[in-house]
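One chain, chain A, appears in both complexes that follow, with chain B as partner in the first and chain C in the second.
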Partner chain A sequence: MANKIIEVKNLNYRYMDNGPLCVNNINLEVEEGDFIGIIGQNGAGKSTLMKALTGLLRPSEGQIFINGEDIADIPVSVISNTLGYVLQNPDRQLFAETVREELAFGPTNQGVSEEEIEKRTDYILESVGILHLADEYPPALSKGDRAKVVIGSVMAMEPKIIILDEPTGGQDYIGRYQIMDIAKKFREKGHTVVVVTHAMSLVAEYCNRIVVLCNGEILMQGTSREVFSQPEKLQQTFIRPPQITELANAMKEELHIEETLLCVEEMGDKVLEHIEA
Partner chain B sequence: MGTIIEAKEFSYCYPRRDNQVLKDLNFSIEEGEFIAIMGRNGAGKSTLCQALDGVIPHLHGGTVWGDIIVDGLNTQEVEVADMAQKIGIVLEDPEAQLFTTRVDDEMAFGIENLCLPREEIIKRIAWATKVVRLEGYSDREPTALSGGQKQRCAIAATLAMKPKIMVLDEPTSQLDPIGTYEVFDVIKSLKEEYGMTILITTHKSEHIAQYADRIMVMEEGKIVAFDTPQVIFRDARLLSHVAVRPPQVSSLAGYLNSNGQNIKREDFPILVEEAEEMIRSLMGGKKDGQ
Partner chain C sequence: MSILDYHYGDSYIHRMDPRVKMILLILLTIVVFMISNFYVLLAMFALVMLVWKTANLPLKNIIGYMKFLLSLVAFLIVLQGLFFSSGSNPIILVHPIIPESVPVIGGHGTVYLDGILFGLILGFRLLTLVCIMPIFVMTTTIGETALGLVKLGMNYKYAYMTTTALNLIPTLQDEARVVMDAQKMRGFQVFETGKFMEKMRAYSTLVVPLVVGAMRRAQLMGVAMEARAFGVKKTRTYRDELNMRKIDLAAGVLVAFICVGMVYFNGLLGGWY
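And then the complex of A and B:
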């Protein structure tokens, strides 16, 4: 069995003493190498949960173990060596003069040797697709490129886990896929990816497991097919499955569809089967 | 109903740059239309939004060619503050327009400046709050809201002013799927009840398909297409050229055609219900078990 890289036990979080619980009794296990999608309505507690994992917010009650260690007494700067966090608004974490310096900032602070930093930044510039921007001023880049730089700068620290908080909001179609492909590549190198998003078709396509939050609690979790096969339940947390899944659900009986369909090709093949029959 | 926005040979270049980011725009929008502006990041969508309320060129500077006439006023001749009473704009980054310490105050700010009576202000805040589902958050600090809640708050603050035209720059980029439909529903009702003219930039093809009267497609500062969603979303070649994803059900029709079917372009669906019809007619109208 794979290593439990994140373990959350009975986690509660309230922003104000005696205030409402924004994260309510969450128990969660993430295995090393997972590509987890966190979905749920605005205000469901997604970003709060993520900030608790990074140590930026400390639990009101409960425990969080990252790579087997209880993080209660570990400073954020140390946690960030294991768990990298890309904020919802990437512009909040850009500050260097050039893209290359931006990528080097994290590992420099980790005390990584200069040769190793150069090796890492070269690799990331290449693999994230921003080599041609190496000497550019980050704030002047396009939205899609700024997001790639920020993700790259976190990846440069080689954290075991990377959290992406709504990385594709406001990105165009091509940008969205490029960003998810970067995450996928990072996962293929053995890292764990946690992505918070409202883009259901991307979750369906990329994540091996989905956690659905609703009012601070876990409403359900499972594979994309398991989760999207329950549209009524998802409605509680203001989620609608991808359009193609809705179509397949609507025509379930006519087309004898038993499983939950997630992409255009799956639905297309089903329709073709019926026309040919 | 007449023309409410008209652009005539309008081009724009940011200060200290030598390339035009808006190029020779010519279009007109009728009062009460719901227009979606689509295209890849960097196509000029946000710049166009800012040109409509006069922020470009009054606040940004730069060079302008041609004219934009909004409700009879030339944006280059009228102050932004005067234009703000006709056009309400919701910015792409909600954090850039939230500045008070309470959600209620945020919503009150614009309408207070319209010098409306107190009762009317209170009524409008209550209405706008309900519309964006922020009940119970009146006393919260806007900066402490979640990303999507901030976006709702910014929309409500503009809504409360009930402008004739509302320009929303990616107002749902951080909203959950149903929240996105809700915001679009609200915007549609503004159009229907108040005859409000709506311009909205978005990447969410599937959501906008059922709402927009027309879609303006931009690429490298130019308008490359401006037509109904039915016409735009059926044009796979155009969409892939401008990095706009067609609704999944339109892609489904394309997939079926590339596998031997012969669905006419004008019959490509954009909504789930239309896709059901299409599949039934492909199956020769036969129903389950018949």
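And then the complex of A and C:
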């Protein structure tokens, strides 16, 4: 069994004393190497939960263990060595004069040697697809490139876990897939990825597990297929499965589909099977 | 909530005409600068605190700032006490601590009573001023402020510019917090574990993202406003109108009388400095 890299026990969070619970009795386990999708409508508590995992918000009640360690008294800057967090708006996360310096900002704070920083930045520039922008001024880049720089900057710190908070928001079709591919590649190197998103098709395609939040509570969790096979339950939080899943459900009888389909390829195979039959 | 955010409420101060509030804000600020007698200043501070109470504003919002300011007051008292230079014949409390025989710094360390009192006045004046401004900001919406400025004769474009600038302060505060969070998440430890001077230096790193963000926002806001015909006509209409009530006028006159009284008593009792 894989190592539990994130463990959340009975987590409650309220922004104001005696205020309402924005995160309510969350119990969550994430295993090393997971690619988790966190979904839910606006105000469901996704970002609050993520900020609690990073230490930016301290739990009102409950405990959070990152890599087996209770993070209650650990400074955020120390947690960031294990858990990298990419916030929603890239503009607030760019501090350096050039993209290369931006990528080096985290490792420099970690005390990584100059040689190693050079190696890491070269690798990130290449793998994230921003090599041609290495000497550019980050705030002047396009939104898609700014997002890539910010993700790359956190990846350069080589955290065991990376949390991407709505990384594909405002991105075009290609940009969304490029960003998710970057995350996928990072996961293939053995890291754990947590993505908060509203893009159901991306979640279905990339994540091996999904956690659905509703009013600060976990409504359901499981594999993409398990979660998207329950559209009635998802409806409680106004989430609709990917369009291709809805199409497959609508044609279940005609095409004799028994399981939940998640992507175009799966649907294509079923259609072909039906035509051949 | 900071002392620069609007605080929802239904107190008399909240309902007061913003024009009266604006004029009183200016008047009180001027009077605080005119008062140099400690007891009169104390009375002014009590008056300001009474207005805080009438407006039902949470005192906890200002206590954090007070703690910082009190340390500043203490610093001013020490500084003035040791290095007081004005006044023809200052009273010396303690004669030079450092003997004349010590090179360079010899003969220094005199503690002046006048300096301590001057520091006290300066500090208390600062404290009172810091408590006056939030009363206006916390009880007046941005819209009311803009409308008040227009009704006082300001061009509505400048009125909007002023209120937008006021509105921007809490937004920038929020943004600075997010940028600091982002830096912490990249292993930057100074904001959490750094020493005071290190933190001060680290604040310079916030400038680039904040300025870039503010410029982007200003550009977007300008375009959005133009797209909704802002500035097309010399005059414009307003959804809400201001209504100057007799009680507002009376309150304004009362506070103005109190201010005149304070200036009078300041003259009567004699300013300390």
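Some observations on this one:
The rule is simple: the second predicted complex is superposed on the first by the 277 of 277 C-alpha atoms of A that agree within 3 Å, B and C clash if a C-alpha of one lies under 4 Å from a C-alpha of the other, contacts with A are read in each partner's own complex, and residues count from 1 in each chain.
By definition in this document, contacts are C-beta pairs under 8 Å (C-beta built on N, C-alpha and C of every residue); 3 or more make two chains touch, one makes a residue touch a chain.
Please read these numbers as outputs of a predicted model, since none were measured by experiment.
On the superposed chain A, the positions of chain B and chain C overlap enough to count as a clash.
Look at A:Met220: by the touch rule set out above, it reaches neither chain B nor chain C. Contacts of A:Ile74 after superposition: neither chain B nor chain C is touched.
Of the two partner chains placed by superposition, only chain B is touched by A:Ile244; chain C is not. Contacts of A:Gly43 after superposition: chain B is touched, whereas chain C is not reached.
Residue contacts after overlaying the shared chain place A:Glu253 against chain B, while chain C stays out of touching range. Chain A is touched at more residues by one of its partners, and among chain B and chain C that partner is B. In the superposed model, A:Thr54 lies in contact with chain C only, and not with chain B. Of the two partner chains placed around the shared chain by superposition, chain B and chain C are both touched by A:Asn89. Superposed model on chain A: among 63-71, 81-89 or 279-287, the stretch of chain B in collision with chain C is 81-89, the rest showing no clash.
When both complexes are aligned on chain A by C-alpha atoms, chain A residues 89, 91 touch chain B in the first and chain C in the second. The touching residues of chain A, when paired with chain B in their complex, are 15, 40-44, 47, 88-89, 91, 142-144, 166, 169-176, 198, 200-201, 235, 237-240, 242-244, 246-247, 250-251, 253-256, 264-265, 267-268, 271-272, 274-275. Taken together, the chain A residues at the contact with chain C in this complex read 54, 56, 75-78, 80-81, 84-85, 87, 89, 91-95, 105-107, 109-110, 139, 153-154, 157.
By the touch criterion stated above, chain B contacts chain A in their complex at residues 39-42, 92-93, 95, 144-149, 151-152, 170, 173-181, 203, 206, 243-245, 247-249, 251-252, 255-256, 259-261, 272, 275-276, 279-280, 282-283, 287-288.
Residue ranges of chain C in contact with chain A, taken from their complex: 175, 178-179, 181-189, 191-193, 205, 208-209, 212-213, 216.
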